[in-house]
Structure formats: C-alpha cells, structure tokens
C-alpha cells in the first residue's frame, strides 16, 4: 500500500512538474521508542562481534530508542530498501546519496537540532555528495581512502611514491618485474583511479575530476587500463580474496582499503600502505533520513549520537576508516589515536577524490561526460582483454 | 444377522476418498494446482518478464531504461567486448562438459555394471560427499590448492616439474601467474564442482542398459569398441545428455567460480551481475541472461535430432 | 554324424574356491549336428550356465568345450560361430528392426545395401517382411521374439542357442511358435540348443534332451526315453506327471522292492487290487479326469478317459496296470 502511495505521489509530481515540498523537522518530540536503520555490515555494532566494539547499547539506554539494523551489501540494495520504505535512516555512500536525494527518498536535515553539528570536520560539512543547493540531506558518518597496499620486503627502501607501480610495467626494487604481481579493483569505479593517475601524468588531457570524463579523457583512461591488464593476473573485489592473494599468490602491490592493510598487519605480515603523490580515490558515507521516517525524534537522536567522539573513535579503528569529528582522533574518547588516524589517511583528505556516480550531465556541460553504465560495460571489456 | 454390503464411513478420510473415487480428476487437479501455479506464474512469469526487459534499451545519455520494443540491446551483445564474454563462457562450458563426460564415464560405468554392495555404497558416498559441503568452501579451498604458493606449486617444485606448470601457463590465452589466476584453474574447478552432476545421471542411464544387450552385441560378433560405440553409448546417451545439461547450464550461469579463480575475465553470470547492479543496465543484463536459455534450447534440439532421446 | 557341441567333464563354479557354488559340475555332453537339442531342468539346475558356456559368456572352471571339434575354451564370444536368442530378446531399442537384424553384419563391416538386403531376407524368413522400419518398442512379444531369431540367424551360425525364448509368450502364441521354430530348424538344418524349464516344450520339440539337476545331467536321451524310462526319481518327477512309487509300494503292487515310475495314463481304476485307498482329488482335464488316490501314504494318479465312470471324492478304490507299464529305477 505504502509503495503504491509513494508511486502515486511520485507520478503526480512528475506529471505536474512540481517537486513536493519537503518539510524538515523543526523541533523534536518525545522519543518514539525505536529507530530503523539500513547500514553497511559492520557499521553499527552492538558488541555482538567483539565486546569491545559497542556503540548501540548505551544509546538505547540513554534515549529509550531501540535500534533495529538492516544490513545491505550494495548501494543498490540500500536504494531499493529506502524505496520500499519502513526505514528511518540509511548510511549511504557517495554513489547512493545523490540518487536518494534526486529520488526524493530522503529529507533535509535541520542541523540546529543536532548539537554536535559544529564538531563535524569542516572539510566535510558542505560536501557535495549530500549537500544540494546548500541544503544538507544528511550527517557525515565515516570516510576512508583507497590506499596503495604494498609488501615491505619488496619495497624495502620505502613506500612506492607513485601509482605507476600498478599502472605501468617496471622493475620493482627487488629486481623483478611487476608483471603478474600487482592487482587492481574489479569494479568500473577503478576507471576513476586511472583518470586520477592521468591527471598527474597527462595534464594535457585537462581532467579536472576523475568522475567527470569526456570522451577523449575517458578513452585515455581506458587505454591506461588496457596496459594494466597485462600486469594484473587477477582483479580483486572481495577483501578476503585480496588478502589471500597477498599471502599466497605473490601479489606485492595493489589499490586497497585500510581494512585489508590492518588485517594483514595483525597477522604480522610485511604489509604497509601509502597514498602516493597522485592522491587517491576514496569513499564517504552519510547518515540520511527517510522522507517518511516514522520515528523522526529517535532518528535525530541517533544522528546526534553518531557524531559523539567516542563512537567516531571506536568505529574508525573497527572499520579502518576516518572519523568525521576530528577531535575523536586525539581526545582519547575511544580507541583511535593520532597515529591510527594518520594510518587510516586522516591527514590525506585533500589528496582524496571521493566517489560519486558519473553522470552524463557534469561540470563540463549537459551530456558532456560518459555516464556510469558505459563505465560498467567498457570495464568488462578491458578485463576481458579488449 | 448378516453384515451390510456397504461398510459404514469412519470419518472425513473415508468421505474424501469416496469423493476422489467418484471424481478422479479432482484429486489430480488438487495435487497439480500448487506446483502448476508456482511453475506458471512465478517461474514462467519471471522468465517472461526477463524476456520483456531484454527488448527494452537503455538511453545512451541519461542511462534510463526506455520501455519501448527494440532489438538494439541484443545488437549490443555482438559488440566485441560482449561477444567475447559469450564466446568465453560457451567455450568454457563446452570444455567443462566434455571433460566431465570423459572423467565421469568410467566411474559411472564401473558403478553401474560392476560395483555391488559395499562398493556401491562407497561409490555413492564418494560422489555425493563433495555435494554436502558448501560450494564456496570448496571453491576457496581450490584457490589455495592452485595458488602460486599452494600445494600443487609446492609439489611441482619438490619433484622438479614446475616447468610443466610454467609451460601450461605460457600458452597464449591461458596465461596467469599461477594456476589459480589462469583459465586453466577456472576450468579445473568447474570440472571438480560439476562432476557429480554428470556421474549420477550417467550412472542411472548405464544401470538401465541390461547386461543381455551387451552380450547380444558380443554374441553377434562386435568387439568391445564396437559394442561401446553402437550399443552402450547410444543407450547411455540420454544420461550423458542429462548430465551435460547440468554441467553445461551450470557453467553457463555460474558467476562465483570465475570471480574467485581465474584472470577476472567476465563470464555471462558475472556480466549479468554487474550490469543489473550499479550500472542499472537491466535490458543488457536480461539480454545476457537470455543467451544461456537460447543456447540450451538449441542444444536440446540438436541432441534430439541426433537421437539422444530415442532410447528413453 | 558330426558332433556340433561337445562337453568333456566341464565345470563352472562360482564364488570362493573354498566353498564353491557348483553351477555346472563335471558335465559330459555331445550334441549332434543338425539336431534340436533341449536342456531341461528347474531354475538353478545349471542348464542356462551350460548354454552360456557354449556362447562364451561363461568360462569353464574345468574341462573342455569343443564346437565342431575345435576347443573354444579360450575363445571370446564374438569370435565363436554360434549365436544366441536371449530370454528377454535383448533387442537394441535405439535401432529399428532392420538395423537390429543387420547388426551382426554391420560389425563385420558389410556395406549398408548388402546388409539391409540380407536383413530383409531374414525378416521374410520369420514373416516380418514389412516391419523393418519399426522400433522394437512398437512390436508385440511374439514379433520381438521373431526379430531376435532373425537377428541371431543373420550371421549364419553353425549352432543357434535359444535361452527360454518362448517363456515370455502367452500359451497360444507359445504353441504356434513351437511349431514354427521346429519347422525353421528342419528347413535350415541347423543345430538348435534350446534351454527351457517347460517339460512339455522340451518333449514336443527336441530330438534329444538333457535333464539337469544341481549342476549335473540327470539323464540324456530321446523324449521317449526320458518320458517312458526316467533314469532317476528326479527325472520321473520333473519330466512327467508320472507317479513315483517307493520300493515298499512297488512290492505291494507286485513288483520288486525298487523305486518305480508309473504313468497315470497307464493306470486304471479297479474295484479290488493289492492296494487300495481313498480318492483325495479329482481334476477334470477335458480328455479325461485325473483321479488321485492315497495308496499307503503315496499319492498315485490315474487318468480316467472321458465317458468312463469317475468315483466320488473320498470313495475307496484300487488300481490296476499292465506289468510292463511299471518302470523300475533301482532301490535307492
């Protein structure tokens, strides 16, 4: 029924050409008793995986809002769940957040009702993946870079300084070629990594954002990836498979997440990570509120809670990500320290170009850029040797 | 006092049995309605939806699905990069099926014609046991076995036969840094995973070939090879075809194994998964998904023409 | 007369050497060329194993088998110039009737046209000329039996082996096929070796027959020999509906103290006699009535021809017979 209603209103909106006026919450009422959240696995921990990581129990006791979590494994799943309705919040990544805004699935946030808003990293407050025309459609949750993971026994003189170790054939410091010993991400978004490499090495292409590529820039990125195909014996898409490949397949360098780096270091393997001179791509997640949220008060209380230094600090060490509240790194409220934040890339914010979905309408003009669905089919071709 | 010719009804079960006896079709209808609904609505319905989607196309600029009939999406299948995927998948499926058939036949033949008692039980256990453990566990185990620093590489090093593996891995098209990153690895794991699905129907078919049929052939002067070619194989063919339908279609549709083992080159299943996901290119995903269905239909038609089902 | 098949002390044992199952146990046998030879016996008596020893599907554990004087003990089935009609016919379901019949020629490498012509010839022989294009599944039992026969004959074997070929047919068809088989054998002049458990079939068709019991031949001879002069109680019991008299009863009836067989049709009812007893069963046979009398604990049957008076069940009666109708079989 609800879906029908949603469909009816959307259709009506389309027909009349008028976007429905989205009211934002002006004041908080009494807590409704629960809040329903769609989240990435591992994002909302209540101590069930590891007792030390629990940022739910205390919130429930203090607010009286029971937290119900529905995990989703892909951005598409998240969007689908939000379209179905019945949820109050979602931890949306950059490729889902704008879709949710465009589809009127989420409502603007009244930052006045979130006392900790002021503590949010200034670099994130107006980030474009949740801020449209100056209106905030969510509260930042966590962010992280896609780092260059490498084997310290091979790179014994120090970390590689350029992504060229995974893009161009060369002799590595141990005297052997990098052919067959490097990996790349098995997802079309890796085209952005190639574009970013070209920004530094082929300025004549005039790339300004790795997510906004015109035909010529796009073709150059694909050419670079075709050369990379010769070096890569297997692409990675599953963190655990990549870890296994570093252990058993003789892989010594690859784009990766801090998560894998941390896990491998836990096993005392000679693994480290770096953000090379070209910079890195990265992801940033936002807590967004459903347009028909049934529990707005609890939802606001939760959003306020997510910005607490303690939660941000623990979550960052748990997930290998970075807090959106800078003081979480240094105030000792949780497990993060200045060192751990540095390792996760806290200081590299400016080097990171956060993931957004490529669309054909971009800063180069309407219809000027290659849209994401072509990234998908072309990347399939590149991996297939075309 | 004599007993009545009609026994008294004892309850609902008696009455129902009587109703079904008087209207035999009623029971049949009651039994068949749920599965037919399931098949007709859920199964064929979703298939029809799939087919319908494949005749839509995606708008080049907005990336939005255009719900108008077009063959453009099917045309896209013939773009080199997409066509590669089809050729790669079908070739792999055909090779896997062939290898499974060759490996399965002796096993099935032994089980059907010679194994008795404990040996038969051992056979079933041996064939079924791998099916009881998780598919993923087996695939991950194979990843370790085939890895550069895995047991096969180690054994080759110990026996100074690494040159065989390096030789295999230098064949154009099969390159990889180890068996685990080469199409050879993908092939091996496919064969391992689907082999039971070939053995079991083959064994069932061979078991139905009476011994006297083989004796009659020998009696009439046929050598073992002639008997095999003209009697055993044609009679076992329905089983071989049944098995090959399993191995062929399972390989055509699988997207897990080539993701974990091999050189990441796409198979149909992987392409469908990626295209329907973030890309939102449902029409192309649907067109890809229609391909295995079409291939299987052609395959069955060919098998039928070749007389695979004559002995049924 | 040439000997077609010869067994010299042939044995076939199954199972472990320590406790073998003696399916065939020291059989000596000689089958004349051109004869219709039947192997008769209950199931498990070794008759089918003997047939399989001739065709080569079983290897003898001991002894020698000769076919037309040649030792075939080490010759595989496909090299023996004998062919078999199997009990279940064993027609190849995936081939049409013509290809089934031509199979023996095909494996020899004979060209399609030639083998099809020969197959049609064979089909005509068994009156199935127009059935070449059908599949075995579309034929009746009798027709399948004829196809099996044609298929076995196409190679022109020197000996044709038939393993209970009529067992699956109904009575009327069976009788027709018996006549037809016999006629065919006469016409072709071939040696037929025929396995059956049906004594009537064996007696009516065979020129000579061997009665098998527990892996050994109990008696070998012409049908008349076997029927009128059974060598052992087993043969008497199995082959005929003969009465088997224990030594004591034989003596009472006027013979020596030996086992004896007495055919019911040679037995008459009499008002008085050396032994009498109550009628325990009556069976109307059309041509007469079979009357069973309990004589000193032994059931003795007499055949009363139609038209003669039949005693009631329970009435006491005696029997009479001609002296030479009593066939003696020794005291053990």
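Order of writing sets the chain letters: A, B and C. Residues in each chain are counted from 1.
What we mean here is this: contacts are C-beta pairs under 8 Å (C-beta built on N, C-alpha and C of every residue); 3 or more make two chains touch, one makes a residue touch a chain.
Nothing here was measured: the structure is a model prediction, and the numbers come from that model.
Each step here moves to a touching chain, and the least such steps from chain A to chain B number 1.
Centroid distances from chain A, each centroid being the mean of CA atoms, peak for C. Inter-chain centre distance (chain A to chain B, centres taken as mean C-alpha positions): 38 Å.
A separation of 89 Å divides the Cα centre of chain A from that of chain C. Rounded to a whole number, the gap between the C-alpha centres of chain B and chain C is 52 angstrom.
For chain A, residues touching at least two other chains: there are none. The part of chain B that touches chain A in the complex is made up of residues 58, 61-63, 76, 79-82, 84-85, 88, 143-144, 147-150, 175-178, 180-182, 259-260, 262-266, 271, 274-275, 277-281, 284. The part of chain B that touches chain C in the complex is made up of residues 210, 212-213, 215-223, 226, 230-231, 234-235, 307, 310-311. Listing the residues of chain A that touch chain B in their complex gives 74-76, 95, 180-181, 186, 188, 232-235, 237-238, 241, 244, 247-250, 357, 359-360, 367, 371-373, 375-378, 380-386.
Put simply, chain C touches chain B in their complex at residues 55-57, 76-79, 82-84, 86-88, 90-94, 103-104, 106-108, 135, 151-152, 155.
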